[in-house]
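Here the chain labels run A, B, C and D in written order, and each chain numbers its own residues starting at 1.
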Amino acid sequence: MPENVIQDSTSIQPHAEKTSKLANIYKFRELGLLAFIIILSIAVQLRNSSFLSGENINDMITNTAILSILALGMMLVLVTRGIDLSIGSTIALSGMVAAQTVSTYQSLHPILVILLGIVIGMVCGAINGVLIAKIGLLPIIATLAMMNIFRGITFKISGGEWISSYQMPESFVSIATGTTFGINNLIVIAIVIYLLFFYIINHTRTGRQIYAVGSNPDSAKVSGIKEGRILLLVYAIMGGFAGLSGVLWVSKFASAQGDTASGYELTVIAACILGGVSIAGGSGKISGIILGSILLGILNNALPLLNVSPFWQTGIQGLIILVAVIINTLVKRGVDRNNLMRRKI
Amino acid sequence: MSDYVLELKGITKEFPGVKALDNVHFKLKAGEIHALMGENGAGKSTFIKVITGVHAPNEGDMFLNGEKVQFTNPKDAQKKGIAAIYQHVTNYPDLSVTENIFMGHEKIQKGTKRLLWKEMHKEARAFLQDLGSSIDPKSEMGSLSVAQQQIVEIAKAISTNAKIIIMDEPTAALTARESEELYKITERLRDQGASIIFISHRFEDMYRLASRVTVFRDSKYIGSWGVNEITNDQLIVAMVGREITQVYPTKKNKISEKLLEVRNLGKMGYYADISFTLHKGEILGLTGLVGAGRTEVCQSLFGITSYDRGEVYLKGQQISVKNPKSAMNLGIGYLPEDRQLQGLVLDWGIGRNITLPALKDLSSKGWLNEKKESTLAKKLAEKVHVKATSIFDLVSSLSGGNQQKVAVAKLLTADLDIIILDEPTKGVDVGAKSAIYEIINDLAAQGYGIIMISSEMPEILGMSDRIVVMREGRITKVLDKKDATQEVILEAAMSEGKEKEVG
Amino acid sequence: APSSGGSSSEGGAEEGSASNKYAFVFKNTGNPYGEKMMDGFKSAVEELGGEVILRSPDQPTAEGQIQIIEQLITQKVAAIAIAGNDQDALEPVLKKAMDQGIKVLSVDSAVNANSRHIHVNQANPERIGRIQIEAVSEMISGEGQIAILSATSQATNQNLWIEWMKKELEKPEYSKIELVKVAYGDDLRDKSVSETEALLKSYPDLKAIIAPTTVGIAAAGKVLTDKGLQGKVKLTGLGLPSEMASYIESGVSPWMYLWNPIDVGKVAGYTAHALVEGSIKGEVGDTFEAGDQGSQEVVEDGEGTQIMLGDPFKFDADNIAEWKDVY
Amino acid sequence: MEQRTSLDQQGYIHRDLLDKKDFSLKRFFLQWEWMLVIILFAVMIINSNLSPYFLNYASLRDGTMIFLDKAFIVFPMAMIMILRDIDISVGSTVALSSVVMATMYNSLGVPMELAVVICLAVGALCGFINGLLIVKFKELSAVIVTLGTMILYRGIAYVILEDQSSGTFPEWFGFFGWGYVFGIPFILILFIIMAILFGILLHKTTFGRQIFAMGKNPTASRFSGVKVDRMKMIVFTLAGLMAGLTALFLASRMGSTRPNVANMYELDVIAMAALGGISTAGGKGKIIGTVIAVFIIGYLQYGLGLINIPAQTLLIVVGALLILAVAVPKIKLPSFMKRK
């Protein structure tokens, strides 16, 4: 029913309440995805009962932690209508430098190594940011080019060598394997970052400005938001996360190579997309990317558990990703339709 | 202290290739509502953006309470108590109403820098209620109707405690009734001590609200008058540079056989039981409040959206319109409501825009004949009197009225029987308006059947042969020209009819 | 196929052999195993007075190698030694090279017999396969479930080795050993980790994992270490000493195998030289002196010929320390 | 420029609109494509100074052959980018169509001629499915859909061939990848033909005009009677078809195929299109630009390969070139170099 905007508020009250309840359901845009994940989990559990065991869930979350950190950064980038294809290379670069550093300075404190990785990543991200925000290159082109450049640099500085676990001090390897309060450090780091960014995104001015820039860049200008600075910030954050992930990655696998995380950017983007982040910018929620990352994590974990032929795994993953986004779309459409049905004409 | 809260002297603003403002003056007294008028492209919006610091002027000075100021960005202006509601939507569709209101001056806890959501929601609700609206501050901006968004924009201006509020064509998207509410709000703001600059192409707005009026023409300052010091005709001359004797041209059209018959058309959630007829040479006015469903009905006839019930007959034959192309092949054309989004390719030239619907006729076996294209484009652009130098001028460089003329010219490429015009004069100045009316009348005289959607009462009354009134997705009244009065139409558009669940 | 259309063989069959350039094309760049092999190749060729070109594509693809080989043909090198990313896909371009008088040999990962003069085989696949089973049997005292974690690739000899492992398992002395699954980690760290974890969960009684791939064995070593399964689940296979050093020292993998890529590279260098000099033709029975690698003989290999190096080398806690810094 | 004005019967100022553009030398030479030509020349000159092997007919001819396969996809990708979309499934489409072709011929005994047709058909079908999904689920953007099908198509290729390669095609099939006509590589001839066809399609036909219109303003195009859905499906199908063509050349060049060929081709193709002046912001670009860009990247890689530059340096050089080429005009000539 059309709302005649300026009306005495009494006559419109009940109607407004009704729509806002519907709107609340609609607001949880990842409803379809959540349902999909639950059904998938049940199906997997029926086939292999160790799936929902504590140990497996722990493994699954540990393995998904890095992905989810990256997805958070990518969400911010996507929200500003951008994309970052260079993160796989940034991961490799920061991981390689960090590994080389610890192999030389064995006694370096892990926190410093993490900081080093973050700084390297932020520099990479800031380069992207300058190209995009200051020079005005399209994100996809700028980051595509930097993807090549960062990867090339990684190969150069590694000189074709890998850094192996025996060269890494125990303190470094335990970044990824150690626990805090009985929880794996990777999970702890991811949770801390998520809490921090939940706060930044939803409760600080800068966080909201990121969404404003993505939602309508022109009005952002009119509101006096410095678009360039926001973009720079977002790419620097993405880079910082990639740098951090590089350290975590190398620590987790106890090996640093030139081709680490090659092509991983697409996995990260897939997690965001599954989580309902819009490529067109402006919208994307933390709850969504958590679900998106979890779905990918489940796929990576469950397919081997189900004894699926390795040659079918890629195909099944692609199919499930497609089906999941399509189901989510259909559910959203259903909610919209439902809203319409209830409208009185 | 000066007499004027705001004074601008000798403002010049150039864009590459365009001088949008040429040595313009303006004075705003405390507590007045000052109308700013002028043709499309006269430079009004640009002027506003200079005031608010969006554009830096090339020359000229600005004084605030007698004190010289220079804004380098909109925030400076905001801090000095200037707020603007811009002509084109400048909101954030993905963000909540509260955020839209407080963007740029959020409430922040000192120290932690945390946003105080609760306070902001509460305050936003209060602002909106103050404006007589019950919009939920937590709802998403994009889900609101245009009029609701307008209210939010006003709430935003109020929320900054602005002393100077500028409204750039706030009534363009509103109906008479909604405009009336806006007038009241505006007056209340004035009574509370704000000074207001009000831009509009509607004379009603000016007479109803303003005490002074300033006119720009072709980027130049023409003059300022007290509203009572100047006659309507003088004002028009000031704006257009010539006299317009008659806004609504005399009719020359002859109504003959039935062209279109719509029977019981319905689309779940949008409209229901729509039945009407259209004859050759007839101008059928379609009116109602904003959101009454007029656009939806017409877009269904044009194949943009589907309908799920009812039949459409063209010259006695039942037709089904699958897409706009098939509608055009059947002889139905549609001039969209939003010309920038739906009507035109803004950074294309005039010529290419005009020929876009007719490419098939301009090509043999898909091969485009550019010579033929230029000829046709030139012919049609001249036919609707587009003001430009060549058919390669970018449409984005044209004023609103001229853009609309280009959009109309597009319709003339096809071999049509029926032309649907959706708010053809929205945001168009008087001069262009009367030109567009002239074109519409010509078309009717040539035997086109015309459906004209309009929310402007005088236009509907002045132009239509018959009038269909819609309310909440249903037709409430069909009137002959001779029976139509403002009161009858308003009543049909607003009275509470019985409601039925559709679905 | 390369000769269809006509004019591709200009440049002359004889002209190429006048050149003194020896090229080595590895699978991809940034791989220490490959770097070491190239080091060996380089030292051998330079000792013989040749000029060396070392190339690898940035991704391990046949497409990338084809481009490089075209460039090498244009440069009229004397010989190309290649670790193929695909058995068959390089055939047309390598045939074109051979048509122009360039000597072609594959190293480490063979290309098919049509596309090479000879293959330098780092170790006997039958021995590699059998020795793994012997090792695992010894580690688990001849009883229990085992699994294989492989890559999934055509370029390497993984499948051949696995076949030999299965053949070896048919022997009666291994009747109590059960091969429960062959998993594929795609030579990706993260995937190999997931696959290993899945193996451990699906087969709680698993006694040992054989991972005949360098990435896979290191990933498996990491998982076993992290899960504290050292001693419970044994690990062996083919791995880089540097990557595996910590797991061998900690006992997660009591021992594992590999050959010395430097030596493989050297032999490839001497072989290339011998081919170019014409002292061998790549036919069965040819023999030549391969510097410090001793005398080598060309033997049969399916439809083609090859030079077979010895058994894989065993790395264990006693010798790993001296190798981990080498490669 | 004289301005002819008159008053018509209603007293409007009536202007005669010009319908011919006068030729401006400045505008002609300030086109992006000239910048590309200059870069191409620079690359050629540098290369011939670097390597004595570069500048001779046989070298250029064979050098050209090896980088052209994926270049066919650049044309439809340019169209897709003009539509403000992107297709990242083309690499997987190449893999799937070549794998199906090889399986048809090698395992199912289908004659090779038919298998070739099937290869193209499978490519087109993959593209068609992309188009269909994009059109049916408008809420999803093309990136999302093609990201899904990228994984799916490659997955299907793995299901078909597992980890095997499938090869041994008939002798004549080698002609695609290695054949010459009058001493010119067949692939080059076909590439030029395709460039001309796509150039005409995009710049001289109603179809092309509608593509540009959709890129600039899809809504207005729809309201103007452009069948936007159908256009999209056609363009994505064309992308699939060209991927099928690439599959032919690739399979022919390698004499076999396997599921992991053409990995990440999409990124190379996008880079070529971007260098060629196709803007992913939509509505802009010329086929000739993409053609020059293909040769720039191709010869750059080939030339540096001839002096045996390591692959990692090549990565850096190509990345830097891409950045410089798109950044330089933005920095120096903001108002003129805008392509129009």
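FYI, contacts are C-beta pairs under 8 Å (C-beta built on N, C-alpha and C of every residue); 3 or more make two chains touch, one makes a residue touch a chain.
Everything quoted here is computed from the prediction, not taken from an experiment.
Chains making contact with chain C as well as with chain D: A. Centroid distances built from C-alpha atoms place C farthest away from chain B. Of the two chain pairs considered here, A-C and A-D, the higher C-beta contact count falls to A-D. With each centre defined as the average position of its C-alpha atoms, the distance from chain B to chain C rounds to 72 Å.
The mean-CA centres of chain A and chain C are about 37 angstrom from one another, to the nearest whole unit. Centre-to-centre spacing of chain A and chain D amounts to 30 Å, using the average Cα coordinate of each chain. Chain D has its Cα centroid 42 Å from the Cα centroid of chain B. Contact with two or more other chains is made by residues 163, 264, 310-312, 314-315 of chain D. Residues of chain B in contact with at least two other chains: none. Among the residues of chain C, those touching two or more other chains are numbered 28-30, 58-59, 152, 184. Here, these are the chain pairs in contact: A-B, A-C, A-D, B-D, C-D.
Residues 85, 131, 135-138, 140-142, 144-149, 151-156, 258, 263, 266, 269-270, 273, 278-280, 311-319, 321-322, 325-326, 329, 332-333 of chain A are the ones that touch chain D when the two sit in their complex. Against chain A, in their complex, chain B makes its touches with residues 52, 54, 73-76, 78, 86, 89-95, 99, 103-104, 106, 108, 113-115, 117, 129, 131-136, 138-140, 143, 145, 147-148, 150-151, 177-178, 181-182, 268-272, 289-293, 472-474, 499-503.
Of all residues in chain A, only 1-9, 12-13, 16, 20, 23, 27, 199, 202-205, 208, 211-212, 214-216, 218-225, 282-283, 337, 339-345 touch chain B in the complex they form. Per the touch definition, chain C reaches chain D in the complex via residues 1-2, 4-8, 10-11, 28-30, 53-59, 61-64, 66-68, 70-71, 73-76, 86-93, 96, 152-154, 159, 184. Contact residues on chain D toward chain A in their complex (touch as defined above): 86, 88, 133, 137, 139-141, 143-145, 147-156, 158-159, 162-163, 264, 267, 270-271, 274, 279-281, 310-316, 318-320, 322-323, 326-327, 330-331.
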